[in-house]
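Consider the two complexes below, in which subunit A is the common component and subunit B and subunit C are the respective partners.
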Partner chain A sequence: MSGRGRMFVAGLAVLVLVLAVYPSFGSGYGVRSMLQLFMWMALAGSWNLISGLTGYVSFGHVAFFGAGSYTAAILITKAGWPWLAASLAGGLGACVLALLIGYPCLRLKGPYFAIAMLGLNEVLRALVSYFEGLTGGGLGLSLPTLQATVPVYYVMGLTAIGVTALTYVIITSRFGLRLMTIREDEVAAEAMGIDTFRHKLYAFLLSAVGPGIVGGLAARDQGYIEPISVFPLAMTITMIVMVLFGGKGTVWGPVLGAATLFIFQELVWAQFIYLHQLLFGAIIIGVVLLMPRGVLGLLQMKYRLPRTI
Partner chain B sequence: MVTPVLAVEAIRKSFGGVTAVDRVSLTLAPGKIYGLIGPNGSGKTTLFNCITGMERPDGGRVLLNGRRIDGLKPHRIANMGVGRTFQVIRVFPELTALENLLVVTRGPREEAEQRGLELLRFVKIERLRDEFAGNLSYGQQKLVEFIRMLMTEPSLILLDEPAAGVNRTLLNDLLEAVRGLRDEGRTVLLVEHDMKVVMGLCETVFVLDHGEKIAEGPPGVIQSDERVIEAYFGR
Partner chain C sequence: MSPAITPAMIGQVIISGILAGSLYAMVALGLSLIFGVMRVINIAHGPMLMLGAYTTYFLYAGFGLNPYLSLPISMAVLFVLGAVLQRALVFRVVDAPELSSLLLTFGISIALVNVAQLAFTSDLRSVEYLTGSWVAGPFAFSKPRVVACLIASAITAGAFLFLQKTRLGKAIRATSQSREVAMVCGINVQRIHLLSFGMAAALAAAGGTLISMMIAIQPEMGQIWTFKSFLVIVLGGAGNYPGALLGGLLLGLIEQLASLFLTTQLSEAVAYVLLVVVLLVRPTGLLGGRQT
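This part shows the complex of A and B:
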């Protein structure tokens, strides 16, 4: 490892250590905010796995978040599961959903897949509203009261680390390169012996686990879920913008994007309640026009950075 | 008789009302270089696509080493030992030159990397190994595409206009490489408009016109074939 690489790893270790002890001295608001930042890192990183690598834009990725939320909330309220097991089950539930959806939809090419995913989210929202007995319908589900912010903080952090580590392993492997060939030229990938459908499906399944777990954790943390709160299109958009800003198809792009935009939002949100949406929109336009590859993508192009970035 | 590497039997393919390939049959013996020529729109690329699984033929059969492959997915056919290059270059632009080669391999990564570097050296672009393929020149991209195909160790090689847009020196290197592949026992089928290339390289030439095979034979004979001349120049 180069000197600079060692410094990066050391800095990272210190950062993780600080975050690990943060709840012992941070304010309640601070811990809550960090917890949410972890959530966004996991979400953006997961979206990056399917859309950043294969170029198949998922416009309904929040569907997996919602599916995880409902899976966990139902298991907690109806079956009395502990929240950690229920959240992990949420990840599994999202993965199963991804299999059911991905199997037919990943045969669709780019834009059609994006639209199909958008539809999926709407269908799920309608479904959970309809099956009132299980989901509470439009009234939503209230989870039993439990003060678990600090443990949820840790599990959320671990999930964010897990997603990022997974991204690292994938991107530095030939499996990851094969996923990228789908984005680069799917026809050529097939002609070179790459089973593109299978690869897309694997990436899609992996990209659903994180949001599923995080959805369960968020449900526990908020103590109450309803269809509009766990299936908002805006959440998918935010994931996309975070990844585009940081650099799609990179390891650290989603982390950087999530951190930058989240901090920005927190600061600006407090200052200008209405204007912040306008600023958010302006960022989207700015990123797409000025640096379509995002911060790290731009640096990568300029300085030939390794894939480990 | 040896089993042909590739046997195309009465392949048909139409798009809407246009018959692109009309009952074409070809037989390729191992270790030889074959040419496929014909005017624009005569069905050469469609025939390539039928062989490699990118199009499903409407009728007829394609046999690879005696095994039926028509209707299989392109990646399955590729993994059975069919490599191809494209008329319009199709490298993976945001992968580096070396990654373009690595990505098509399986087995130990070290070995694949060694082999990749060897091939980059062979076409004299080793220094560009970490450059994004999309940043390379046309000729360099063509070379990357060519050696990427070789990384899959194909026994049947389909080249769609390898000479197009390539300068003389590069072309000679490419042709030399193709002969080398033949000498290793691989079979080559190439679509080419440059007659000099076809005549200098191929042992047997197939001629397509309006989707039909109108002639087949050694280049010398083909050149003076009445129907071929007519197809190219009109009466």
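This part shows the complex of A and C:
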């Protein structure tokens, strides 16, 4: 490892350590903000796993967040599960949903997957409203009160680290190389003997786990969920913008994008909701046309950093 | 669940389904045209429909213009907007990987919706022009829907005649069959792309004008139409223009039947399940299309 690489790892270790002891001295608002930042890192990193690596755009990743929220909330309220186990089950629930959608849609090349994901969100919202007995319908579900912000903070942080570490492992593995081959040229990937359908499906399943767990944790943290609040289209848009802005198909791009945009969002844009969304639209257009490798791509060019990490 | 379903109810559902389906077919033909010619799925197709509806609303509310007379104006306005967007942004990603064109048109879609939020606010608006129904025996024919169906059928037929008979229409079909060969034959492919994008936006705008008299107008009314239009072209076969007709009618009928046997809430879920099943069983569409 080069000197610069060692410095980076050391800096990272210090950062993680500071974040680990942060709840003991940070303000309630600070802890809550960091918790949200971890959530966005996990969400952006998960979107990157399918869309950044394979090039199959998921326009409805928030569906997995919502599925995780409802799985966890139902297990907590109806079956009395502890929140940690329920959140992990939320990840599993999201994974099952991904299998149901991915199996028919990822067998095909082309835009089918993207559009199927575009509609998924509305459908889940309708289903959740319809099955009132289980989900509380439009009234939503109230979880038993529990002061768990600090434990949720740690689990959320671990999930963010877990997603980022998973991305690193995948990108530096043969599996990741195959996914990127699919992105660059799927026909060539097939000709080289890669089972493209299975690889795409595995990447998709992995990309659903993070949002599912995070959805469960968010449900526990908010204490109340209802169809509109857990399936917002704006959340998918934010994930996509974060990854594109940071640099898609890389390990640190989603982390960088999530951190930068989250801070801006908290400080500036929260007051101007439509302008903020308009700006997100403009960022997507600008990044696609002008800097497809995102901010990280610019940094890599300037400081000669490794291209994919 | 409805307690008893009479033959008259089934008849009514078929009528409503055909009335809705003709609109689906017209709007989806636009999406199909862009996909056929450029291999781009335009996520902003639905928001263009929304802008068409607003054009009609403002002409009606501001100048008291008959909403049916605003149809050519809203089509012309969106034709220009579509052509400008194609010339300024979309042409840059026509040959890029699919990821780029999907994300770009997604960005355009978000921008259009939020510009509409800023400019027009999210207040619900309506054009109350033609209301009520014609009644024939046990069946009711909603007036705005019948007129919309007639106009949509006329526009769709016109678009098909244009594609079949005129030199320009033939050039569009040639470009969608093979861009390279079209170029070799002396067709200006850039201009064909511009024209198709404009035409597609105009078809969406026509849809917007016609439904502005049926449902509330608001900035987020459009997105669901991107999904539905895509569903129509999957049912009919991607890149297969007559397929869009069949797909539109089928979607209209299935949605109406679903709302009869289930609830209206679930009819959207039924459309979705339909998409998944068609992709699983017959991914090339019912009439067959070109694999992409």
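The definition used in the following text is that the second predicted complex is superposed on the first by the 277 of 309 C-alpha atoms of A that agree within 3 Å, B and C clash if a C-alpha of one lies under 4 Å from a C-alpha of the other, contacts with A are read in each partner's own complex, and residues count from 1 in each chain.
Note that in this section a contact is a pair of C-beta atoms (placed from the backbone, for glycine too) under 8 Å apart; a residue touches a chain by one contact, two chains touch by 3 or more.
Bear in mind that the values here come from a model prediction, so they are computed numbers and not experimental data.
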{"item": "Touched partner set for A:Ser51, first subunit B, second subunit C, both or neither", "value": "second"}
{"item": "Residues of subunit A touched, compared between subunit B and subunit C (which is higher)", "value": "C"}
{"item": "Partner chain in contact with A:Met180 - subunit B first, subunit C second, else both or neither", "value": "first"}
{"item": "Partner chain in contact with A:Ile240 - subunit B first, subunit C second, else both or neither", "value": "second"}
{"item": "Contacts of A:Ala191 with subunit B and subunit C, given as first, second, both or neither", "value": "first"}
{"item": "Partner chain in contact with A:Arg304 - subunit B first, subunit C second, else both or neither", "value": "first"}
{"item": "First, second, both or neither for A:Leu141, with subunit B first and subunit C second", "value": "neither"}
{"item": "Set intersection of subunit A contacts, subunit C complex versus subunit B complex", "value": "183"}
{"item": "Contacting residues of subunit B [partner subunit A, same complex]", "value": "52-54, 73-75, 78-79, 83-84, 86, 90-95, 99, 102-106, 109, 112, 130-132, 148-149, 152"}
{"item": "Partner subunit A, residues of subunit C touching it in the complex", "value": "35, 41, 43, 89, 92-93, 97-100, 102-104, 106-115, 117-118, 223-224, 226-227, 230-231, 234, 238, 263, 265-266, 268-269, 271-272, 275-277, 279-280, 283, 291-292"}
{"item": "Touching residues (chain side subunit A, partner subunit B) in the complex", "value": "174, 177-178, 180-181, 183-185, 187-196, 249, 301, 304"}
{"item": "In the complex with subunit C, residue positions of subunit A that touch it", "value": "51, 55-57, 59, 100-101, 103-105, 107-112, 114-116, 118-120, 122-123, 126-127, 129-130, 183, 233, 237, 240, 244, 274-275, 277-278, 280-285, 288-289, 292"}
